[in-house]
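These are the structures in question, set out in turn.
Shared between the two complexes below is subunit A, which has subunit B as its partner in the first and subunit C in the second.
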Partner chain A sequence: MMTEHSEFNFEQCIKCTVCTVYCPVAAVNPLFPGPKQAGPDGERLRLKDKGFFDESLKMCLNCKRCEVACPSNVRIGDIIQAARIKHSRKGPGLRERLLANTDFIGSMATPFAPLVNMTVGLKPVKMVMDKVVGIDHHRTFPRYAFGTFEGWLKRKRKKQSKFARQISYFHGCYVNYNNPQLGKDFVKVMNALGIGVQLLEKEKCCGVPLISNGLIDKARRQGEHNTALLRQSIIENNRPVVGTSTTCTFTLRDEYPHLLSIDNADIRDKIDLATRYIYRILESGEVQLHFKKNAPQRRVAYHTACHMEKLGWAYYSIALLKMIPSVELTILDSQCCGIAGTYGFKKENYPTAQAIGDTLFRKIEASGCDVVSTDCETCKWQIEMSTSKPVVHPISLLAEALE
Partner chain B sequence: MTREVDVIIIGGGATGAGVARDCALRGIKSLLIERGDIATGATGRNHGLLHSGARYAVTDRESAEECIKENMILRRIASHCVEQTDGLFISLPEDGLEFQAKFIDSCRAAGIRADAIDPKEALLLEPSANPEMIGAVRVPDGAVDPFRLTTANLIDAKLNGAEVLTYHKVEDFIRNQNRIEGVVVRDMHTNELKELRAQIVVNAGGIWGHDLAAKAGVTVKMLPAKGSLLIFGHRVNNVVINRCRKPADADILVPGDTISLIGTTSSKVPFNEVDNMYVTADEVDLLLREGTKLAPSLAHTRILRAYAGVRPLVASDDDPSGRSVSRGIVLLDHATRDGLEGFITITGGKLMTYRLMAEWTTDLICKKLNIKKKCKTAELKLPGSRQKEERLSKRLHTIPTAQRESVINRHGDMVERVNMGDAAHRSLVCECEEVTVGEVKYALNELDVRNLVDLRRRTRVGMGTCQGELCACRAAGIMAEAGKYCSQRAKQDLADFLNERWKGMAPVAWGDTLRESQFTTWLYDGICGLKNEKKI
Partner chain C sequence: MRFDTVIIGGGLAGLICGIHLSKRGQRCAIISSGQSALHFSSGSLDLLGTLPNSEEVESPVQALTALAEQAPNHPYARFDAERFVTLANKGAELLREAGIDVIGSAEKNHYRLTPTGAMKPTWLTFGGYVHSASPEELEWKSVALFNAEGFLDFYPQFLADEMRRKGTKCNVHTFNLPELEILRQNPTEMRSANIARIFDNEATLNELANQIASRIGDEQAVLLPAFMGINSQGNLKYLMHKLNRPVAVVATLPPSVPGLQVQTLLRRYFQELGGTYMLGDTAQGYQATQDKISALYTRNHGDIALKADNYVLATGSFFSGGLVATNTEVYEPLFKVDVCYDSEREKWYDRDLFQAQGYEEFGIATTPTFNAQRAGQPIENLYAVGAALAGFNAVKQGCGAGVSILTAIEVAEQILSKM
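Moving on to the complex of A and B:
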């Protein structure tokens, strides 16, 4: 009954409409027809005539909360994204290319990071970006680091090779160009568990910004490139691949086969998220972590990112945070913060993004926490912009608490 | 109560509607009487195939020629009812290629374009077709929506002075010696009897014409032949797929609006069953087994429902045994045939030739009434088909894509009568088929809708995958608001509608179809407290 006959998966929909109830966009923007209409219902109409494709589908965040809610296992988010890929007549413009090519922009920016950071932060520059390019002036681009994470880890190669157990780290663009500290924290934690961290041969951006900005051919090329690297690491070198970003990890595991038709069934189970990988090691009892004594107490509020919800793995991050003696944990209701990667950067989406996240921001402020923790970098940007709280990755909190 | 018109037409199928339009365009005052809703008989219960005639080319040259002529006319006059999909006749290994050459020759002889194409090209044209085919011929088949076609004919008939009475059943004929002078009808809602008089009464009752003729005192021997079909949940194919062999069971797969249809079976049924057609498990098996040979993906495509219609086959007058039947048009002037004046029977034929049947009938009526006017139905476009869809689409650009395209598909330029000016009228009643409040109100006000089932035939409410789950109660609410009925009747109508939907789902109630019907039951029975006493 629940057969997943790929393209006809939409026929499993029994119109219960629970997906639309859980859709963060439909709740705040009446112009979006909602996942049921845009997904299974719309797919049926588009099969009749592709003229039924509606550009309003680009309002979908691809948060996949509809898929989590669906009791019939319909891949609603995939159906919507696939329809955009197939039918959208509006090609990517300059803005889409700017936002999508995180890899290229990052590698250009990091050598001149101080200058770039200063320039994009300037008010006149922001106004130009807003008016000419269409990137909302409220947004600040994440700061670029002076030097990449890859460069740093390459210098540590010798030390990392000494560990008996090895993994490959899919750091993603954000760690590489913007926040190498998270990567360093990850290496610290892994080393404390007796595991060495290696880079993949030549990791490229997972492709999620390319997919959501309509650069699908490039996304597929990068996906194929990355999958070959993952396969090399997992099968040839027997090294599982671990990532700290929920969205990168989710993309490597699920978006590749579902949206880019890249078969990864043989390696999918060996692509893991950092908190889950670490939790499982600790749970097995093979190794123990030693925490600082008398570290000052911190009140942490955990935010479940959308793709974390889809992976179903928030439990691991939460459990890990609970192990840290100095952390007093509050768990925020799982809801979308509104940014959805590059979505919230676009001028026309700004009001929707902020309306979606509004209740979350208010709950964060009311929670009395010192810091918010989440596994997603774009949620971090959104929450830091929209609240008074700093946002720290669970791995960084863990690293900080280690002896 | 007595009323007098020139012509009374009995039967609200495509033929009756066509006669009403033809009469109206020739200035003849007509009244159409239908015991239920329009297009409820064979008109609404077939493939909706716009035959190119190719299917009959080898076996019945005359029908083939009629088909291709009418095919070309309908493309022009009824463009909003027609989908110009083209068709393929595929030869499978088990069929061999022998038939193909003869088939192509016969098509061409009948004036039907028939091009043999490479199986690979055929697969590019229609990717769902069986890749094992060894040959393919492309013909100008298409799809036609019988409900829209009948509705459009009646709209035009009424605009030109015709009257339509649905839910009026002929109880008796008014006979004066050797002349039929009218009918006695029963209003099915009030039970009131009325006498209606006319110079000529036309029997266009389809299979029910057999009994009507008997009531009038003449014999028209008909043979009810049941044909069953399956509706799939979405459009599997965009080109009609046929088998290139002698016509047989389940060898046509037609895309129609949002769905695809496979059919048909063929079996004789007794007259006492024609009012309650059902589809048997054997028929479902046969349709699926043969259907997957046309398009293998049917094996794992959701089936929405099954239904059956009754073909009104007519026994030739010179063969009382009924063995020799004609699928051609049968026009009987009972004055010359039986000595009964004022009575005409038009039957046989098929949906494809409804217009020609109407033309012949109206020609005969004109002759009898001594009116010298030419038939114009082959030239004058039907309401809805008078403007290009692209232009309508541009004019309505402010309406969301899905609602806009759906309503234009269904009503063509009659969309101008649909109010979608504000958000309330643009909001959806039926989510699967994108039927808006405005469209439902238009149907209620202008298209002779008496209940939810009628509304479905005008708008596709309840024809989508949910089969009434979300739309039925909304539509019933609008009907009650519009004063069509009280809340008690609304509840009864809802139950009737859902039972009618269930009747079609029952023969294929497995998998997602069963899951969804169960969910519908929870909603209506469990939450709304609607009891389905009549549920089978």
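Moving on to the complex of A and C:
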């Protein structure tokens, strides 16, 4: 019998079970087989017979904390996601399409933002979404902005092109449709460093909600489209690409080649996260930032998002926050908040999502902080929905503290 | 990124070294490629249990001369008795400062109970574990041993048989709880760490106490697998109070719950002292100028270098990738520093699995001050500590944790003495 070939290194697994110890889902939901069994163990069986595929793999958050913990460098999270992509028989329904098409929904919603925000916030609407669509009624959708970030930056094009040094900004759907202020703050910081900010030719959603909701063909098409834009910016125009969202940045760099088979080896190193990009410039000493004097002190608790943990770059965001004279910083233990993008919006996942985040929420409340800071937008939603604290991106805190 | 010292490897040796340096004001970073061997901990830390000639050790410090004669390349052979005791005591002190409750001394070994019921000499045992001053007997003449129904990483009957031989009557029971019913829906993943979490809930712990109370007689003590809570402290004290007698735990198969608690406490203490701990990253390249390392590059940080005055290899042995073996050679993959190994491959191993294996003693060759070297030339600011070192057999000699802790502190002090 021919045995299929696995592109993953599952044979490096020595069955030590350390991944299962650090899996946020296995800790609260025993119905999830855990990363070892769902990943390398299951892969071995699925190669023999795809009948061993189990729909419970959709309980995986794709947080990659198993990979961070693994002493043998097994790509456990990738194995699980790839198995879902390859074998899942359950196609995406209306809910999955609603949650996954952030780009389309955003572009429809922003022109009517006040009306849309009011409508989705109404209790009867929430109940219908819960009962009919399967989006948990505890959830509040992030508010849509009246006008997109892209529209705003296009109007600033002239001013931005005056800077000698240029970067392209991968703003992502959240900045474009929900929080243009973060994009404006990013532009402010970059300009203070003497760098102009450009849009990519026609950025599309990075594709992460499409991947997690099973719309793989569409994710791959968008990934190919974006990779072409990134290549144009990085290679033709010599402009590195910088993002403020950890998940978008992680997806462009690593999920594209690992899950969508899009080769980006020639440009990967020039796709950067905002705080890391800024850290590199400040470390070189070529430019300095000037902070406001006598700004009121703020107690900030930093939360390391899962994909930030996987990137290994929390150091940069923390280092920037430490530079701000008016910030008194606490660093929360790195753990999953439970939402994992669209995962926590689904009715069946709501209890798991809240149980995962429970200890984090308690620690935040006990920390005595004024604000929580994190580089991930969906962590922001989850923490704001589950604690009494507002959540602000490190770049916004930086922008606010600048002279 | 600029640090005073960069440590490669985030297990016991790396953390102890980082903690000692951070306490003295150094800015340290630890890079750790995944979680460490502490997750397989027995619940005890060994210093020296057996000499190479198979003689069992009662007092590690008194056995030092004999060890140096029988194994002149052993890392301990570089310490005199006074230094040995100083380093060992310092290690125990650092563990206690990190919040880890340990008992034992370098002057005299005590005995730990293994998961199969044997008694092994050891140095420090984590609080709550069964231990004894003598290998011949336990503290109690009768005990009640409770296991969770369906938990397969624990062998009560082995334990009961062995204890009986040592004159302790052991009554074996299993307990069941509603929370265990939920865990059992996924029987293959019913592991110690998952079970431990249910006892973070006080109501569940109380229910366990009630079940045990209703089933024990006049046994002098109650024994349980080492899975009594992950984030909670004081669960054993609570049970002792409720059951009105000693309650102790016995090691399970991995993952080791107390081991992962120790890892967490050491990492937290290191970070509280200002240390930077980078998990899930791998050192991949470096820059050197003449005989010094000037920069280190990792997978995650790419072109952003970690620069430091000193670098420490705490990368462990073969399992963690600190050493790599091919069919013809053994090498250290990052800096390609000198490694001690036998050139005759037949001497790498013994066909009898239970004999000392030659490869166990392979490791990084170092100067008397634990500097790594290349072609016999010392690298001034690169040190090696712990399981990566050559000259000892951690399994046969029962000295793995001791080598990690003592060499980590010794190297930290070497680094501090240069300031």
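Of note:
The definition used in the following text is that the second predicted complex is superposed on the first by the 396 of 403 C-alpha atoms of A that agree within 3 Å, B and C clash if a C-alpha of one lies under 4 Å from a C-alpha of the other, contacts with A are read in each partner's own complex, and residues count from 1 in each chain.
The criterion applied here is as follows: a contact is a pair of C-beta atoms (placed from the backbone, for glycine too) under 8 Å apart; a residue touches a chain by one contact, two chains touch by 3 or more.
Model, not experiment: these values are computed from the prediction.
When both complexes are overlaid on chain A, the residue A:33 reaches subunit B and subunit C alike.
In the superposition on chain A, A:16 makes contact with both subunit B and subunit C. Of the two partner chains placed around the shared chain by superposition, subunit B is the only one that A:42 touches, whereas subunit C remains out of contact. Contacts of A:85 after superposition on the shared chain: neither subunit B nor subunit C is touched.
Look at A:402: by the touch rule set out above, it reaches neither subunit B nor subunit C. In the overlay built on the shared chain, the residue A:289 is in contact with neither subunit B nor subunit C. In the superposed pair of complexes, A:52 makes contact with subunit B only, with no contact to subunit C. Once the two complexes are laid over each other on the shared chain, residue contacts for A:73 go to subunit C alone; subunit B is not touched.
With both structures placed on the common chain, the touch criterion links A:323 to neither subunit B nor subunit C. On subunit A, the surface patch touched by subunit B in one complex and by subunit C in the other comprises residues 14, 16-17, 33, 36-37, 72.
Of all residues in subunit B, only 233-235, 255, 257-258, 297, 300-302, 400-402, 405-406, 431-432, 434, 464-466, 469-470, 511-512, 515-516, 519 touch subunit A in the complex they form. Against subunit C, the residues of subunit A that register as touching in their complex are 14, 16-18, 20-22, 26-27, 30-34, 36-37, 67-73, 269, 276, 279-280, 283, 309-313, 315, 331, 333, 359.
Touching subunit A in their complex are the following residues of subunit C: 1, 33-37, 39-40, 182-183, 185-186, 188-189, 191, 193-194, 197, 231, 254-255, 260, 268, 271, 276, 278-282, 298-304, 319-320.
Contacts from subunit A toward subunit B in the complex involve residues 1, 3, 5, 8, 10-17, 33, 36-37, 41-45, 47-49, 51-56, 72.
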